[in-house]
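Heads up, the next two complexes both have chain A, just with different partners, chain B and then chain C.
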Partner chain A sequence: MRAELSKLASLWSVWLASAVAVLAPSGIALLNRGVPGPDRGYQELAFGVMGVIILGVVAVSSEYFTEGAESGGGRQITTSLTAVPSRLRFLAAKAAAVALVAALLAVVAATATMSFAAGSSWEPARLAGVVCYWTYTALLAFGVTVLTRHGVVPLVVLLVNTSLVSVTYLLSRFFAVAGYFPDLAGARMFVEPNDTKVEMAPIVGFLVMSGWVAALLAIAAVVFTRRDA
Partner chain B sequence: MCRPGDAGSLSGVITIDGLVKRRGAKEILSGVGFEARPGRVTGFLGPNGAGKSSTLRILLGLDRAQAGTALIDGVPFAALPDPVRTVGAVLDGSGAHRSRTGRAHLRWVARAGGLPLSRVDEVLELVGLADAGAKRVGGYSLGMGRRLALATALLGDPSVLVLDEPINGLDPEGIRFVRTFLRERARAGRTVLLSSHLMGELAETVDDVVVIDHGRIVAQGSLAEVTGAHRNLEEAFFALVSR
Partner chain C sequence: MIRAELSKLLTLPATWVTLGWTLVLNTLLTLVIAVGDAPIAYSQAGFVVFGALAACSEYTGGQIRTTLTAMPRRVPQLAAKHAALAVVTIPAALVVVLSGRVITMAALGSWAVPWEAAEATAYVTLVTALSAAVGVLVRHTLAAVALLLGYLLVVAPLIRAADLATLAIGTPVVLAAALLAHRRRDA
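Right, the complex of A and B next:
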């Protein structure tokens, strides 16, 4: 776990992810100062998960990044698994490190964003929802990347979905069941969409997203322990 | 390097038996078995694609075999109580992420293995990278990357060293360094197992030879036994693998 934290701390892309995580929501909140609203601050924080998506993806993809042929074509995962041969232990330590960093970033980002946002209300339950949502989102990005062993596809898909065009949101406009996608359900922990087909209490949103995270991490663990490194 | 008092307790026998590995329909290993003993440098030789890397990756628990066993002191690598102090591995490239410095790489490995961080500068010194520790791995030459991989393997001062093609792509100075280094390890009672497809480079380094071709062991024994009546190891090798 300490080794995994020190791995994260020594990757520049993790620092980039942290900067995005803190600056994106607080920056937007700053720009939106003139337009107060009930969800001011929380909306920005829903958008700010991009930072922890990058974190979850690069924590795994950095292990599989292949050096150029001229430097021998090695991958860090071989070093990792010869230092920690138990794959479950390795994966658990890595997931824990990602979750811890994501939660910390969420706390910092939420504090900054809420103090900038106009007319924001500090509601402990909703803010806890933000921290939970960020942590879970990082773990989902982590789990998907364990399965793909490559960062580009999950990074692009997940980032586009949270920023430019939310595919899951569009689907939910047509199919009520799409409201149970982890991103939409999880966001219920702190924002209430006004045009939704499914009514969902924050606690239900929490349970649905927890289910997604548990299932994805279980699949990732099974695949990771069985396949060749 | 060799701490006083531990020479007597060193073991580190590698026992590989009946390994079978298939990828899709292709059988990569067909019952590979051999032994590597402490105090000897064992050369695992074969042409490219013969199954050397697969065998070593199975030994290190990175790949799974369909049948057979690969044990270190009687247990699989993943079951070793203290893996980093028992086995050091040098596989492809540097095994480090290019955006980290060499020192940062060694520090996380030391943490993962429960080793004191003071080992980091010791191994950097040992492989001649003391001045490059603060440089990013992406800026290393191939030879420096290989030295970093060797430094990583040596962090736990292990009784067994496993190296896949350690001299591949190195300049003459690098080759000489690796050779001398491995001979010293064996002299200190450690087990050294290295694979290579470069026969000529190895004859002066190895004590024992295992030859693999198309996933089968075609010869094994001491250097003299395998060379036999041939002029040198290279001749013997080509006679063996062209059958």
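Right, the complex of A and C next:
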């Protein structure tokens, strides 16, 4: 776990991810401070997940990145697995490190954003929802990247989906089932749905997203323990 | 020089994979949401990846050293790279934009050739050039893609800067910065 944290802290992409995670929502909140609207602050925090998506993806893809001829064409993953031969322990430690950093970033970003957002009150339950949503999203990005072993595809798919009008949101307007996608369900933990077809209480959203994360991490663990590095 | 850059670009498997998937996803999105050029808002991501890959593939491994030994003058080299990129991007963008258009027009039954198709093509081409410039600046595919997608999909729409005019002014500025950085720093 300590080793995983140190690997994370030494990647400059992780610092970029942290900067995005904290600056994007608070910056947008600062720009929008004059504009009244529902859920000011919480809406901005929903876009800040970009940062933790980058974090989750980079944490895994950096292990598989070929460092070039200078370092013997090797990949970090072979070294990591030599040091920690138990695959499950390795994956668990890495997931724990990602979750910890994501939760920390969420707390910092939420504090910054809420202090800029005028007219929104601090509601502990909803802020806990934000932290939970960020951590889960980082773990989803992490799980998908373990499966693909390459960063670009999960990064693009997940980032495109955090855009202003997300793909899953468009789908959910045509198919009610799409409301159960992890990002839409999870967002129920802290923002009111505008016009989606599925009614869901925050706690149900939490359970649905937890289900997605648990399933994805389980698949990632099975695949990771069974295949060649 | 442009020939050499073009041959490097066309022999990358990633070029064909990225552009192919962009076309497939654009078609799927058009079929599902079917609202004119709206899918371009998402499928521009494919072109972001393409531009970033074209610039950053030089830096995974030591290709850049070979390139700069062959073409020691850096500004013409980077200019040639962007020219080659444009040669590939413009037809690819046209195909992607028109594929969405044709499906929409077939669905609606009206066959006017719209000016917006040309505008969307120009937009996507500028996005690719911008991605390549950012790729040269940061020299890391993932970081370049993350920065650009964050800007184009979230920040730009939020500050109402997601239009052709902003891009037409911004791209040359970033490109000039990339040229300057490329000229002055170590490979």
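By definition in this document, the second predicted complex is superposed on the first by the 224 of 229 C-alpha atoms of A that agree within 3 Å, B and C clash if a C-alpha of one lies under 4 Å from a C-alpha of the other, contacts with A are read in each partner's own complex, and residues count from 1 in each chain.
What we mean here is this: contacts are C-beta pairs under 8 Å (C-beta built on N, C-alpha and C of every residue); 3 or more make two chains touch, one makes a residue touch a chain.
What you see is a predicted model, and the numbers here were worked out from it, not measured in a lab.
When both complexes are overlaid on chain A, chain B and chain C end up sitting side by side without clashing. In the superposition on chain A, contact is made by A:A83 with chain B only, not with chain C.
Within the superposed three-chain model, A:S13 lies in touch with chain B and with chain C [touch as defined at top].
Here the smallest spacing between CA atoms of chain B and those of chain C, following superposition, is 10 Å.
Overlaid on A, the two complexes show chain B and chain C touching the same residues of chain A, namely 12-13, 70.
Here chain A touches chain C in the complex through residues 12-13, 16-17, 20, 24, 28, 31-32, 47, 50, 54, 57-58, 61, 66, 68-70, 151-152, 155-156, 159-160, 162-165, 167, 170-171, 174, going by the rule given at the top. Of all residues in chain C, only 29, 32-33, 41-42, 45-46, 48-49, 60-62, 140-143, 145-147, 149-150, 153-155, 157-159 touch chain A in the complex they form.
Those residues of chain A whose C-beta lies close enough to touch chain B in the complex are 2-4, 6-7, 10-13, 62, 65, 67, 70-76, 78-86, 226, 228-229.
Residues of chain B that touch chain A in their complex: 57, 60-64, 77-78, 80, 83-84, 87, 89, 91-101, 104-105, 107-109, 111-113, 140-142, 145-146, 149, 152, 168-169.
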